[in-house]
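Each of the next two complexes has chain A plus one other chain: chain B in the first, chain C in the second.
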Partner chain A sequence: MRVRAWRRHMVPYLLIAPAIVYLALFFAYPMYEGLVLAVYDEDAVLPVRAEPTLDSAEVAEIPQGGALLILDRQSQAMIDDDGATDLLTEQWFRVSGTGDTGAAVDGWVSEARIRVRSEDAAGNPLAGTVRPRLGQSADPLTDVHAEPNDRSGVVGRLEQRAPVEITEVAVLEVWFLVRPADDPGEAAGWAPSRYLQVFDDGERGRVHRGTAGEFTTAFIERMVDDRFFGPALRTTLLIMALLIPLQLVLALVMALVIHARIRLSSGFLYVFALPIGMSDLAVGILFFSIFTGNGLLNSVLDGLGIIDGPFAFLTAETTNWIIFAIVLAELWRATSIVMVILVAGLQAIPDETLEAAELFGAGYWQRVRHIMLPLLRPSIQVALILRTILAFQVFAVVIALSGGDVVTVLANESFRQYYDLRNDNVASAYALFILLLSIASAVFYLRSVRAESEVRPT
Partner chain B sequence: MAEIRLEHVTKSFGDKVAVHDASLTIADREFLVLLGPSGCGKTTLLRAIAGLGMADSGRIAIGGRDVTYLPPGRRQISMVFQSYAIFPHMTVRDNIGFGLLMNKVDKAEISRRVNSAAELLHIEDLLDRRPSAMSGGQRQRVAVARALAMEAKVLLMDEPLSNLDALLRLEMRAELKRLLADVEATTVYVTHDQIEALSMGDRVAVMRDGEIQQCDAPNTVYESPSNRFVGSFIGNPPMNFLDGTIRRSNGGVVAAVAHHEFSPAAEVRPLIEGLRGDRVTLGIRAENMETLTDPGPDTVPARVEVVEPLGAQNLLTVQVGGRLMKVSTHPTLPVAVGDGLHIRFPADQIRWIDPATDKVLYTR
Partner chain C sequence: MSSTAPADPPAQADAPATLPPLDSPEVVEMHRRMRRRAGRGRRLTYVAAVLIAAWILLPIYFVFSMAFTTQETVRSYPKNVLPFIPFSADTMQFFLESEGVLRGLWNSIVVAVITLVLSTVISIPAGYAIARYLFRGRDLFRLSVLAVRAFPIVVLSIPLAVLFLRAGVFDSVYSLALMHTALALPTSILVISSVFASVPYELEEAGQVFGATPFQSFRYIVVPLVLPGIAASGLFSFVLSWNEVFAAAVLTIDNRTLPALVLTSLSYSPDAFQFAGSFFLMVPSIVFMFFIRRYLFNMWGQVSK
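Here is the complex of A and B:
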């Protein structure tokens, strides 16, 4: 019995489980992954280790781009290839021959010590000789190691120019013992070549790519310092300031016309709502065709004799006209969304409430002012929030009318950073900025146009 | 003077005729109740008086002024809506004063009238509150106060008590009656509740299918319905109807029902003689019959089928010649299911109905 009751209580949770999974998987997770790029540098620091292996302890972290002194090098078996392209490798050969003591020797020698003398058809080395060491103090013998690794034990030694058979080849990655160049006190540590850039002299270099992430404001600073940031923000705010009041008033008038239930009012609804069905890019192109050099507007003005020859509205010298065209296009395109919200709000007002107002002597405008507008406040609030957030995202219309250079907006800058400049961190910083502005505006509306609980129609 | 005159008012919605040819004169300061089952057109008629739905044809005059084509705001009326239609975003004070503000009454006067209306309905404490946090009864009081504050000559009420629970409705009914007695307004009150109608109205207009069936004082409507519908709609239990056959014998006329012959009262006799067919329907209310345990002159034998003790009376369902009828008896009368009884029909309590038209032949 208890189990059954428990199951019954679980039913609502089971029912919403898909929604929660959906939200987590397709909303929260991608959003987090996308936005974290703005403040988190995945390649920020490179940890260096006590030994040239990945499982040895970290001794220091060097930031990406940090200058290095290279103290030593060593080859190690290749670690997992994480798409590294610029790693430095070294081959080791397993050789067998006769050692300096006359005994047979079988072990590993670096390719630097062996001159390959013969290869098979596929280019694999078959045999070679030990390279001689130059210089008087140099050890004339070459160590043969048990493993393809300098640190492994020496199993024998070969005389210079001794012939050897090559039975196996191992590819190793070079590790460097490095220390930050500007901080000699810092401990030196080992790092694989794939994360480093070694300069020609072989003694200095820099960290090419870190492996550990770090939170950073660098991308946000880069966004703010970007030369398009200021114009984009100003234009976005200007478009909003022009658009939203106009849209609200226009949408209110349209909603009242529909709500008045006069003849043809349902026809008005269809006409008003038509632009909702059009893509914003299509609307942008439509208005481009109106404002362009040989466009509709110029044809009409020319035909009426108002201007003499086409006027170029959409040029770098006439950005005000471009902004005017953008506002007009957005007004045409998106006012009906606001209208639909307001119509729904008006329809939620009970007929008897409006009839009561009429009966108690309120004329139409008095009913609008004293009854409809106050009761519409929650709807107006929703419409304003929605409209402002959409205004921060205005993009396709701007691209269509300005090409995205002469007049630019925040969303366009995000696009430019991501697509043209391939900088997904700064693109994400723009996206984060737009998100924060949207949240801030929503909070602003919720506070300033506060919907008192009393306003809800009962 | 605010006499309301309705002349041949007709209103239809599409194909459906909601009010058909309603003519009615409501005297100044009268309390008229429009009563009828749902869908009978009573609310439509009230709204036509209010101007909230223009009549298709006919004429409406208030206080001698033709208001047929005037918008509601200019008819100098006031109204209580079924849903109360309180403005949810205004305080109670602003709600009550709304009509006065719209009619440009000056501030001091608005304040005086709002306060006195609130006092009448005992909602002075609520004046600065908003309606959203109020109970149905409180909202109802606000709606009535708002209507009264207008001090209009005509007060319309559209089922004002129907959204209250039973106890509150009873209490509010008495209070409304007390209030409206002091208000010098012509009141039209719509309800589907016959108790409300009978207890409150100076006159009750019973409507059915868009037509006014009868408009009389509550007692007259109850005692002397104009037709079979009014008799069955008003009263609980409804009037009993017995189908009888007219027998004309030696210069007299009698109606035969279940082996018993009923003789009509003298004033009804010529009307029955004038009937075309030989069928007539007798109507009688449950409390107007006498139940006797022993047969007597003019009694009809009956068998008890159901006994419903209601406290002040016992309601019996009895079988008379194969027909069921309701009889109310004194609770002390010892009866049980299956008992035989004898019922006497007093001649002056029988209503004679023409089955062809369902009209009562003689109404006093």
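Here is the complex of A and C:
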């Protein structure tokens, strides 16, 4: 009996569990990641170390992009290659041959000191000779090291041109001893080549990529400083300011027409609702076909003799026309959903209320003004919130009508940063900005409407 | 409605004595005035209805006729808007034979079908729970689902793209379908819950009274009643995925869906290609609207509650 009660209690939770897990995985977690991307730089700083090994102590941190002086270089066993392609590497050969004293020598020599004379079929070196050193003062002998590292002990020396067998090859990554160029007082430290960019003279360079993260406002600053940010924000707000009032009026007219229950009402409802399911890109192209140079509008205007020759509506010189076309396209596309919300609201108004008003001599407009509109207030509020949030996301319509450069909007800038400039962080900053604007506008509508209803006498 | 209402006032039986009798001249005159006004309003309503229908249908008609004509006509100016544009499959053929289009169409279908199945399968239990059980956290769940629904797609696409890239499932129709399911899920849950709520629980109980197990009464009583509504919600998910362009363009490179393909080729594709593309993008939504007419208010009307 107890088990059964427990089961009954758990049933609804089990039923909603898949939805919750799915939304957590593919909605909440990415949202969180997006937030982090906008304010956290994963590659912000590069720690440099006391010794050219990963396990030695950090002596300093240098920010990404910081200019460096290179003091020394040394090869070290490679860190696991995490797909890095910009490695400065060196090969060392394990060689065996006869040393200058006549004893057998077996140890490691840099590839710079050995000329490979024979290779196997796969291209692996098998044997070679020691390269001679040029110049009269140069040491004629070559050191052979115990390990593939020129700081390790010398186990023997080889004459120049001595033949050797190559038994093993090691690929080493070059580490650099660096110090920030603008701060000579800072301690110098070692860093592997994969995180550095070394300039041609070999004495200077910069931090190419850090390994430690840091919270930063750099991405947000970059977004605000971007030359498209201002125009994008202005255009988005302008479109919204023009669109939403028009949309509300048109939707109200549509809703009243449907609510009047004329003949063929359900047919009209189908037609009026058609744009709800339409792709915004398709609608953008639809209005492009109307406004383009040889499009419908010019053809009609020309046919009526209003203009002679096509007028170019969609060019960089006519941004106002582009914005007009965008507003019209959005009005066409997104008014239907407002209409559906308003029709649902109208249906909730009891017929008796309207009939009573009619009996008392209220004309149609008086009924609309004094009964329907006040009772529609919650529906209008929902419609406003929905439309405002969606208006921040206008995207495909703008690209279809303007190409995305002449007239741009916030969502398009997010896309540009991600797609053209490959900058995830700034793209996320834009996304975060759109999110904040959406939340702010929703809160604004909710509060303003609630405040009004609170002061109204009941 | 307004024309029929005043003819027979229901208050007749217990009307106060002060009201004039119904056949007195002033009452007759009032009725005549109201009916005339209503008739005029009626004509105005028809005019408005036809005008709005034209505003919606004419652009669709124009772009469709552009999608089924010759490429010369698409380029020509001025176009003979009346008497209409010559019909030809030329533009459509050009579009379908363009590189990547058939593949894009196929990708779009795959993504949309996965989205449909996945979102429906997850939404049915969740919708049923909201409609049938009172449990702690129910309102919170409903509200979160509503909030998720209003969230901007842009905000979700970019971090998801980064995550998919890290996980090595980037540029795949399957990961795009996962994203589209997340977008379709909230609406799907709410619609399905309202569909379940429209079937009285008493019916299920009655089945159990007559000896059916809870599962049987669900299977044989509830399922047939809710099936059309669930199909409508599935169609909604399909169309949402078919239309979705921002995430599709961000999350794919080689495996473009149709809208992503059309979007990213906008700057260099000829007009004929774009018009034919917009035809393909619109067709499912027109079919969809036809089938979900009855559920229109289940889908969007209920937000106001």
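Simple rule for what comes next: the second predicted complex is superposed on the first by the 359 of 458 C-alpha atoms of A that agree within 3 Å, B and C clash if a C-alpha of one lies under 4 Å from a C-alpha of the other, contacts with A are read in each partner's own complex, and residues count from 1 in each chain.
Note that in this section a contact is a pair of C-beta atoms (placed from the backbone, for glycine too) under 8 Å apart; a residue touches a chain by one contact, two chains touch by 3 or more.
Treat the numbers as computed from the prediction; the structure is a model and nothing was measured.
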Just to be sure I read the superposition right, which of the two partners does A:Ala191 touch: chain B = first, chain C = second, or both, or neither? neither
Between chain B and chain C, whom does A:Val257 touch in the aligned arrangement: first, second, both, or neither? second
Now for A:His370: first (chain B), second (chain C), both, or neither, which partner does it touch? first
For A:Phe392 in the superposed arrangement: first (chain B), second (chain C), both or neither? second
With both structures superposed, pick whichever of chain B and chain C touches the larger number of chain A residues. C
Thinking of the overlay built on chain A, is A:Ala44 touched by chain B (first), by chain C (second), by both, or by neither? neither
Report for A:Glu355: first if it touches chain B alone, second if chain C alone, otherwise both or neither. both
Answer with first, second, both or neither: which of chain B and chain C does A:Gly403 touch in the superposed model? second
On chain A, the footprints of chain B and chain C overlap at residues 355, 358-359, 363
Within the complex, which stretch of chain B touches chain A? 50-52, 71-74, 77-79, 81-83, 85-90, 98-99, 102-103, 130-133, 146, 150
If we count contacts the way the header does, which residues on chain A are in touch with chain B in the complex? 350, 352-353, 355-363, 366, 370-371, 374-375, 377, 452-458
In the complex, chain C touches chain A at residues 1-2, 5-6, 9, 34, 37, 41-42, 45-46, 48-49, 52-53, 55-57, 59-60, 62-63, 66, 75-81, 121-123, 125-126, 128-130, 132-133, 135, 137-138, 141, 144-145, 148, 150-163, 178-179, 181-182, 185-186, 189, 236, 239, 242-243, 245-246, 249-250, 259, 262-263, 266-267, 271, 274-275, 277-278, 281-282, 284-286, 288-290, 293, 296-297, 299-304
Over in the complex, which chain A residues touch chain C? Could you list them? 9, 11-16, 18-20, 22-23, 26-27, 29-31, 33-34, 37, 250, 253-254, 256-257, 260-262, 266, 268-283, 285-290, 292-296, 298-300, 302-303, 310, 332, 337, 340-341, 343-345, 347-348, 351, 354-355, 358-359, 363-364, 378-379, 382, 385-386, 389, 392-393, 395-396, 399-400, 403, 411, 414-415, 418-419, 424, 427-428, 430-432, 434-435, 438, 442
